[in-house]
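This report concerns only the one structure given below.
Order as written gives the chain letters A, B and C; numbering starts at 1 within each chain.
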Amino acid sequence: MLIGGGVPSALTGFSASSAVTAERPVVRWALIGVAIVFLGLFLVIPLIAVFLQAFEKGIAAYFRALLDPDTQSAVRLTLLVAAVAVPLNTVFGVVAAWAITKFEFAGKNALITLIDLPFSISPVVAGLVFVFLFGRQGWLGPWLEAHGVRVIFAVPGMVLATVFVTFPFVARELIPLMKAQGTEEEEAARLLGASGWQTFWRVTLPNIKWGLLYGIVLCNGRAMGEFGAVSVVSGHVRGQTNTIPLHVEILYNEYNVAAAFAVASLLATLALATLALKSLLEWKVARQLAETDAKP
Amino acid sequence: MSIVVENISKTFGQFVALRNVSLSVARGELIALLGPSGSGKTTLLRIMAGLEKPDPGSGPIRFEDEDVASRNPQVRHVGFVFQHYALFRHMTVAENVAFGLRVRPRRLRPSRSEIRQRVQKLLKLVQLDAFANRYPSQLSGGQRQRVALARALAIEPKVLLLDEPFGALDAKVRMELRQWLRRLHDEIHVTSVFVTHDQDEALELADRVVVMNQGRIEQIGTPDEVFHSPATEFVTTFLGQVNLFHGRVENGKVHFATLAWDSPEHAAMPSQPVRVFVRPHDFHVASHRNGAPAFRATVRRVHSAGPNARLELVAESGESLWVEMPLDVCRARNIVQGSPVFLTPRDVKVFAESPH
Amino acid sequence: MRLALKRHGVLPGFGLTLGLTLSYLSVVVLLPLTALLLKAARADLGQLWGAVSDPRVVASYRLSFGASLAGALVNAVFGLVVAWVLVRYTFPGKRLLDALVDLPFAMPTAVSGITLTTLYAPNGWIGKWFANAGIPVAYTPLGVTVALIFTGLPFVVRTVQPAIADLEAEVEEAAASLGASRWQTFWRVILPSILPALLTGFALAFARGLGEYGSVVFISGNMPMKTEIAPLLIVTKLEQYDMVGACAIALVMLGVSFLFLLAINGLQWWSRRYAMS
């Protein structure tokens, strides 16, 4: 799977100048037209609609919705969930990418497939497995209950479900990048007397920093926006186990549409920021890879 | 520092890269490991550096008197120059060179100003002092090569190991760097081993050449020795061009191409089929029989661009062969396409026909 | 027994990093999945079968499968056009559109869900045109398909784009010099070489559609037997404390996910078959 691995148009530079490999202008503009209409209908109009709907009842209503205590607590919980899930999966991503790209071992491809696994599982199933693990009738549930620990329908469960669905993001950005960069620079550092840590901090990390940041941005976007998995384990306790996406759902189902879109506009802004950063970082990563390829 | 490796073997899965290789390098020597790809030369170099571990049961790897076989690479004090240089692309030239000094433990680390001076001195040595603040991506291949060398020298290595140091450069830069490296070695005199598949490079640059093939050492000797007295058939064919004849040894004579060549050195060899090699420049070419033992051949083509004429010939016995002779001699004797000539070998190498 | 055949003896941390990777993977991913399997193993087989073969559940499979297939097909056609246009042509606003292709991936699903519902509702900006033509979109299977076109789009475009970018101009020139028309070149030379990528993108979009929840539940209307998707039924069963029912449907979905994972890996292996190093 390679979602997110877009090709920066600046770098693909296919020269369509040759007459035999270019379509007739009519065909070309027709295709461009089809693409623009399709993307307009499915991407641009919905994006605009979010913000227009958010301000439908005026700016005052917009900020009232944002400043509502329930919204505020949803924002706080979302930040908390991301603050746990993102660092955990970042460290894991770097560690896993190091093991996978710097060494040869049996079963490596199976390991990569397992790391990708959470991507192919429905978010609802992802939430459900934690109910079966920690829920009242679950595997570890009775033991947890006896010790007064609540995981399901509480914050710990939401964090766990988010960690699960954002698990592969950092690792899968780093693995292809570090594979392409090889191990020669690290070997050189070791021969020059650098310790393992020094090699990692001074040689590996600077080389992967853009790819790493890119993975973190994607991971964070998903962590803050996850709906299905978190919904299953949350129990929807208003003001306590509501993240922003869950709060949007509640407002929408209460026919408080303008407020729902006002809160949704926060997430849409996050998505736009993620896209902007992603485009920028993708360009940097592509440049870094191009330098790797440009061996003299 | 001298290097001695004994009975080193290395396998990668099914592939045998080195079979029982032993080699000793004297202090201050410049040694070339020469061989085709897959001959094990790079593996041997990486084992000396500690980048690969030899198979269990291999002998010691001694630097001077110390066995370093179990030592980590970062304490072996080897300067290693990678084939593609492995420069740190996020560091400037100066930072690359300083790296090995900066990562030392605090008590062994030179002061900042000292590091700066050392870097400057090294960059001057490799003639890159004007490029200290450039990034590797802004340098040409030859310049990157020299940065890699300066970086390796910065840790004051006792041994310098270079993997195909000129492999990634174009022909003209190769020649220049080759001479420059020889001069540099004469100046700093650090024990050096380099890997190459280019015979000219090995013969021109090295004090001694180690010819390798299929994980084994075929011959170790000075460039003169390996070129003029090849120990094996592989060395003969790998170094320079040769003409091959199938013949026989009988009673101290080598029979090939209608010729019975007196060869006292093969007197002891039992009668058997042999392969006979003669280099193109090791023939005397006459237009008439003059009493010397010679075989007859017909000139097919004459290539006269260059200081030597290269003749494409067919021997009377059917073999095609190449002969080189000075152009003026060729013209004086009026040797042209279709001329019959008489060839007398000056030097022949004879090896028993291998059983397969 | 040693697990590994280590090659790069110089770089440290093999045992540490692989150990951490395997432990974290086990705790975060494998252990919870085992809990699901354990739940299923303890349940009565007849009860499980009853849950997955219930007519309401079967109807939800049919909807999820049909709408995902339709959405993936639409994306295969239009995604190919979009990818082609973004790689080969230049026009104003191209880079912005290129960046926007990832919007469905970056946009939280709940936001996509309520936005598409509002737009395609009978009184919505787009929905009212369809309503006038007598075609309701929101709260019908068509609405589910619309949501799945939205979520699947980046999978097709981002998989096909690099394949088009990797096409060599020389090959197309060769086809032209051998007398092929531009259309013939596309049909016989270009399409076969990007087909594995297109199929991979199609399969990714399809698989994503089967499991999609947030962007679909708002627009689907959730009428039993008509517009209920399979993931929603899991939530419904859970809310009714029917753990075995939820477990059974989840097992079916997990099985289908595995099949798709295998198919996609196979496709990627297939797409490398002509690769020249």
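Simple rule for what comes next: contacts are C-beta pairs under 8 Å (C-beta built on N, C-alpha and C of every residue); 3 or more make two chains touch, one makes a residue touch a chain.
Because the structure is a prediction, the values reported are computed rather than measured.
B-C versus A-C: which has more C-beta pairs touching?
A-C
Mind having a look at which chain is the central one, using mean CA positions?
Located nearest the centre of all protein C-alpha atoms is chain A.
Centre to centre, by mean C-alpha position, how many angstrom separate chain A and chain B?
Inter-chain centre distance comes to 53 Å.
If you average the CA atoms of chain A and of chain C, how far apart do the two points sit, in angstrom?
Roughly 16 Å separates the two chain centres.
Report the inter-centroid distance (CA atoms only) between chain B and chain C in whole Å.
Spacing between the chain centres: roughly 56 Å.
Touching two or more other chains, which residues of chain B qualify?
50-51, 72-73
Identify all positions of chain A at which a residue touches two or more other chains, and write them in rising order.
Chain A, residues with two or more chain partners: 187, 190-191.
Multi-chain contacts only, two chains or more: what residues does chain C have there?
5, 7-8, 10
Across the complex, what residues on chain C touch chain B?
Counting only chain C, the residues touching chain B are 5, 7-10.
For a test of understanding, state which residues of chain B touch chain C in their complex under the given definition.
12-13, 50-53, 72-73
Please give the residue numbers of chain A that touch chain B in the complex, ascending.
184-185, 187-195, 198, 202-203, 206-207, 288, 291-292, 294-296
Can you list the chain A residues touching chain C in their complex?
Interface residues on the chain A side: 1-7, 9-10, 12, 14-16, 18, 20-21, 23-24, 27-28, 31-32, 34-36, 38-39, 41-47, 49-50, 53, 92, 95-96, 98-100, 102-107, 111, 113-118, 120-126, 128-133, 137-139, 160, 163-164, 167, 183, 186-187, 190-191, 196, 199, 218, 221, 224-228, 231-232, 244-246, 248-249, 252, 257, 260-261, 264, 267-268, 270-272, 274-276, 278-279.
Along chain B, where are the residues that touch chain A in the complex?
49-51, 72-76, 78-80, 82, 84, 86-91, 99-100, 103-104, 137, 140-141, 144, 151-152, 154-155, 168-169
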